[in-house]
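Shared between the two complexes below is subunit A, which pairs with subunit B and subunit C, respectively.
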Partner chain A sequence: MFSSFRSAMTWVHTWFGLVLGFLLVVIFFFGSLSVFDREIDRWAIPETRFEHQPMPSFDARLRPIFESIQPDPNELAQARERVGTLPEKLRLMNWSAYTTHRDPVLTLYAEYAVPNPSDPDDHVHGHVTIDPRSGKLLQNDRLAIGSAFFYPMHISLHVQWHDLGYWLVGVAALVMLVLLLSGVVIHKKLFREFFTFRAHKHTQRSKLDLHNLTGVVALPFHIMFPLTGLVIFAGIYFPVSQTLLKPLAEKHEQIEAQARGLPHQPSGVAAPLSSVDAMVVEAKRRWAKRGMPGEVGFLQVTHVGDKSGYVSIFRAGSDRVTLVGQAVHFEAATGRVIYEEPPPSAVSGISEFLTGLHLQHFQHWLLRWLYVFGGFSGCICIATGLVFFVGKRKRRHAAEGVHGARWVDALAVATVTGTVIATLGILVANRLLPEGLDQRATWERGAFWACWSMSLVHAVIRSAPVLQARISPAWREQCHAIAGLAVIAVLLNWVTTGDHLGRTLARGYYPVAGLDLALLATAAIALAAARHLRAREATPMPEERDGFSVDTLAVDAADG
Partner chain B sequence: MKKTALVVARVTASLLGSYVLVWGFVTFGITLGVAGGMPYDDSQTLLYMLAFLLFVACFCWAFSAKSALRVWLCFAFGGALMTLSGWLLAGKLG
Partner chain C sequence: MADALLALAFLCSFSGMGWFAVAMKPHWVQARGDSANGEPNSGRLRLLGTIALLASLAACLGADHPSMAFLVWVMTLSASALGVAMTLSYAPRALYWLTRVGRSRDTRRCA
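And then the complex of A and B:
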């Protein structure tokens, strides 16, 4: 089918890049935003705009709140559909609380057993969010746009049916790795191209230069993210331990649990909970002794109120790449240490490092920004690839009356500028919708999807000039929409909360100041892009230069 | 028409065929690791880290190999053979 390895890779690069490029732009974009998910949450939920708080006292502050948590009514209704009637009071299984160095608020979780003969592990959840300074309950129905909307968009595209979203993202990640590899094969002169950006030479040439530049400049970064993302969710993609190897996996799980001495099942005998604060002191002492003093990141009480109950205290990973770990497990009734987890083995050490590289829980603001720019360079790389695809074909398609390039261009508009418009749309809706509105979070999500749909419709309606091999005005018009929406979002934040840039910057409150500044920068870039596009639309496309199409562009070698 | 069939054969081989082979590789690899004395979790983690590198290599080979038929045969037989071996070995260990 192909004459050489290189021509095979060229075909793969062109056509898989086209089909999955749209998805990849979206995944890279929301992944980049997820780097600052907690900060976006602060912007979206103004009553949580205060400094990070360490894990508060369990005995004095958290325990009474844990005891007041109730199972989620929606989950209870779903459980009734599964098993019929439920007992008045469900058995409490465990409590947990998780915090990072970027979380001002603390969410407390509880799990309750559902008596279900066909599934012994069936359970429902309950949770509350508190202000750790006072223990005051915060409204639970506010949409944390960063961590509860943009982040799920990144990992599963909000497609929940049969985990389809995870599979789509997985295929896209795999193809991203293939695109990087095939891209390197196509552009053999990697290092020369690294230093080449002929911005003013020829539109097609500068598009390709930008494609290569953004692809190569962050190549290790672009390889690391899809690969570690796939490893993180490998259990979904290759569920061997839940299927073919289940007996073996379960046997080893039991052996390991026995070695640790952590009871798998409750005993049924009630027992009180001794001081968890004392256990935290002991865990911190042990971490310090190991030369890694730290704070509590995750705290869990398993089999609450039972004689077999135990308390697990995990160290926060703010000062290293790997995530929470170094757990110390205590007997709940006595406070005696049952098991202290040893340093990880070589294999799990490497795996935790890779996972930590992707999830970046560490405290390093410069690196965090580099992650964002790395992610955006990925978006630019993929988007310029799509635009290049159109640019290369639109003249020929125009001559032949074929609509292919027109459709790809419209989809590219909706994926590139449309994604930004939808993102700004949800932020604007977050500030515009009345505080007491019923189902407020649903309206916010609706604003996101509505903006995105409108962007697509607009891109299709305005795409006719592509048929004459000209630039679609949708690009420019949507750039104007981005600039307008971004400025409106900053102004609305000022009007509705009083937190204008002068105040947040003076206070040094960067979660909100940072997002406001990023929004203004977005507006400036969008305006500059719109001006540039207007100039381009006004001048007719120059004729293709001789010698340009075939011998300077390896991409032309074998695609259709 | 023939070209379309060839493209379909290669695209399905690159995604589905590779998946079958990698599934077998993961299954067999985990059981081999456990048989060699590794803890189950470590063995699984190691295989998950290697799985996607193999997947990418298989994906590219599905397009670069001379014969699409040979690609499909290798993936199907290799995947089935390794899955079966892994399953049998797991039975012995479990």
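And then the complex of A and C:
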């Protein structure tokens, strides 16, 4: 079928890239935004615009709030569907709280056992979000656009049915690795053209250069992120510990807990909870003794109110790649240290490093921006690949009256500029919708999907020029929409909260100032792109202008 | 101190990538301005590039915990490579200073 290995790889690169490229742009784009998810949350929820707070006193502040948490009504309704009638009061299992150096607010979680004979581990959750400075409960119905919308979009595309979204993202990640390897194989001059970007050459040439450049220079990033993403969700893709090997996994859990002296099951005997603040002091003393003083990142009380209960205190990994670590476990009733986690084994250390590398909760602003650079490089690489695909075929398709290039181009518009429009749409809706609107979060999500749908419809309607081998005006028009929406979002933030750039910059409040500046930069880039596209629309196709043929290009080996 | 070291890491990494780029004849010509301006001493330029990239790693290690430093270094290399490519495309003469130390001895004699 193929004349050589390279031509086979060209076929793989072209067609797998086309089928999953649209999805990959979305995943990379929202992954890049998720690097600053907490900051986007601050922009979207103005009452949380204050400085990060360390974990507050458990005894004085958190415990009374934990005791007041109730199971989530939606989860209770789902549990009733599973098991029928539920007792009035469910047994409390665990309490936990997680914070990072970027969280001004604190979310407290509780788990409650659901009596289910067919699943002894069945449980429901409850959670509240508080202002750690005062302990005041914050509204839980406000949409944290960064961490509760963009981030889930990155990991699951908001497709929850049978975890299909996770699977789609997993397949896309796997295909990304295949695309990278096949791309390296078919790139004839990987080293010779490592620094090559001929911006002023033929359009197809410069597109391919940009595709190669952004793919090659950030290759370590492009390989590590799909790979670590797959590692993080390995439990979903290979759920053997919940299926085939469940008995073995349970036994392993029990033995591990026994080896550490941590009770795996509650005893059923009630016992009070000793001072957790004293345990925090002891944990911090032990971390300092190990030469790594730090703050609490994660705190969990297991088997709450039971004689077997224990408290686990994890160090925040702000200065490390790993998320949290160096746990010290205390007996809940007495405050006695049961077990202090030793340094991780080589395998656990690698696993924690890979997870932390991807989830990046560390305190390193340069590295966070470099991650954004890597993510956007990925977006540009995939987007230029799609545009190159269209550019390569549209003259032939136009001559043959085939609509393939037109459809791919319309989808590319909706994926590239449409994704940005939808993102800006949800930010604008967030600032425009009335504060007291019922189901406000649902309206915000609706604005996102509506903007994206309109972008697709617009791209399809305006795609006719592609049939004449010309550029679709939808690209330029949507760039104008991006510029307009980005400026409107900044202005609306100013009008509705009073936090204009002058104030946030003077205050040094970068979560909001940074997003406003990024929006203005987006508007400037979109305007420049629109102007460039207008000039291109007015000139003849490069192929006609100077006889440039895409057949001379390296990737043009055998794909059709 | 850490910020200064990270700035140094970026500078070294950009210079290192720049030297690797101008070690190639087409980029050498771009940075020098015309093709009649001698040949690059590729060996020396690559050696300088290697030293600069290692210096960049050392600066990263001085600024952060080793696990973090390695990540920062790798990403700094990527960003610098893209920066060098873009500079070569839009303002190649801005990299002229990198070529001052890498001219081949033979072409210097001829000149």
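What we mean here is this: the second predicted complex is superposed on the first by the 548 of 560 C-alpha atoms of A that agree within 3 Å, B and C clash if a C-alpha of one lies under 4 Å from a C-alpha of the other, contacts with A are read in each partner's own complex, and residues count from 1 in each chain.
To be clear about the criterion, contacts are C-beta pairs under 8 Å (C-beta built on N, C-alpha and C of every residue); 3 or more make two chains touch, one makes a residue touch a chain.
Source: prediction; values computed, not measured.
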Contacts of A:Trp11 with subunit B and subunit C, given as first, second, both or neither: first
Which of subunit B and subunit C A:Tyr371 touches, first, second, both or neither: second
First, second, both or neither for A:Trp449, with subunit B first and subunit C second: neither
Subunit B versus subunit C as contact partner of A:Thr214, first or second or both or neither: second
Touching both subunit C and subunit B, counted on subunit A across the two superposed complexes: none
Residues of subunit C that touch subunit A when the two form their complex: 6, 17, 20-21, 24, 26-27, 64-65, 67-68, 71-72, 74-76, 78-79, 81-82, 84-86, 88-90
Parts of subunit B lying in touch with subunit A, wherever the complex brings them together: 3, 6-7, 10, 14-15, 22-23, 26-27, 30-31, 34, 38-46, 48-49, 51-53, 55-56, 59-60, 63-64, 68, 83, 86-87, 90, 93-94
Complex interface listing, subunit A residues touching subunit B: 1-2, 5, 8-9, 11-12, 171, 174, 177-178, 181-182, 227, 230-231, 234-235, 238, 240-241, 244-245, 247-249, 251-253, 256, 345, 347-348, 350-351, 354
Touching residues on subunit A, where the partner in the complex is subunit C: 192, 194-200, 213-214, 217-221, 319-322, 353, 357, 362, 364, 366-367, 370-371, 373-374, 377
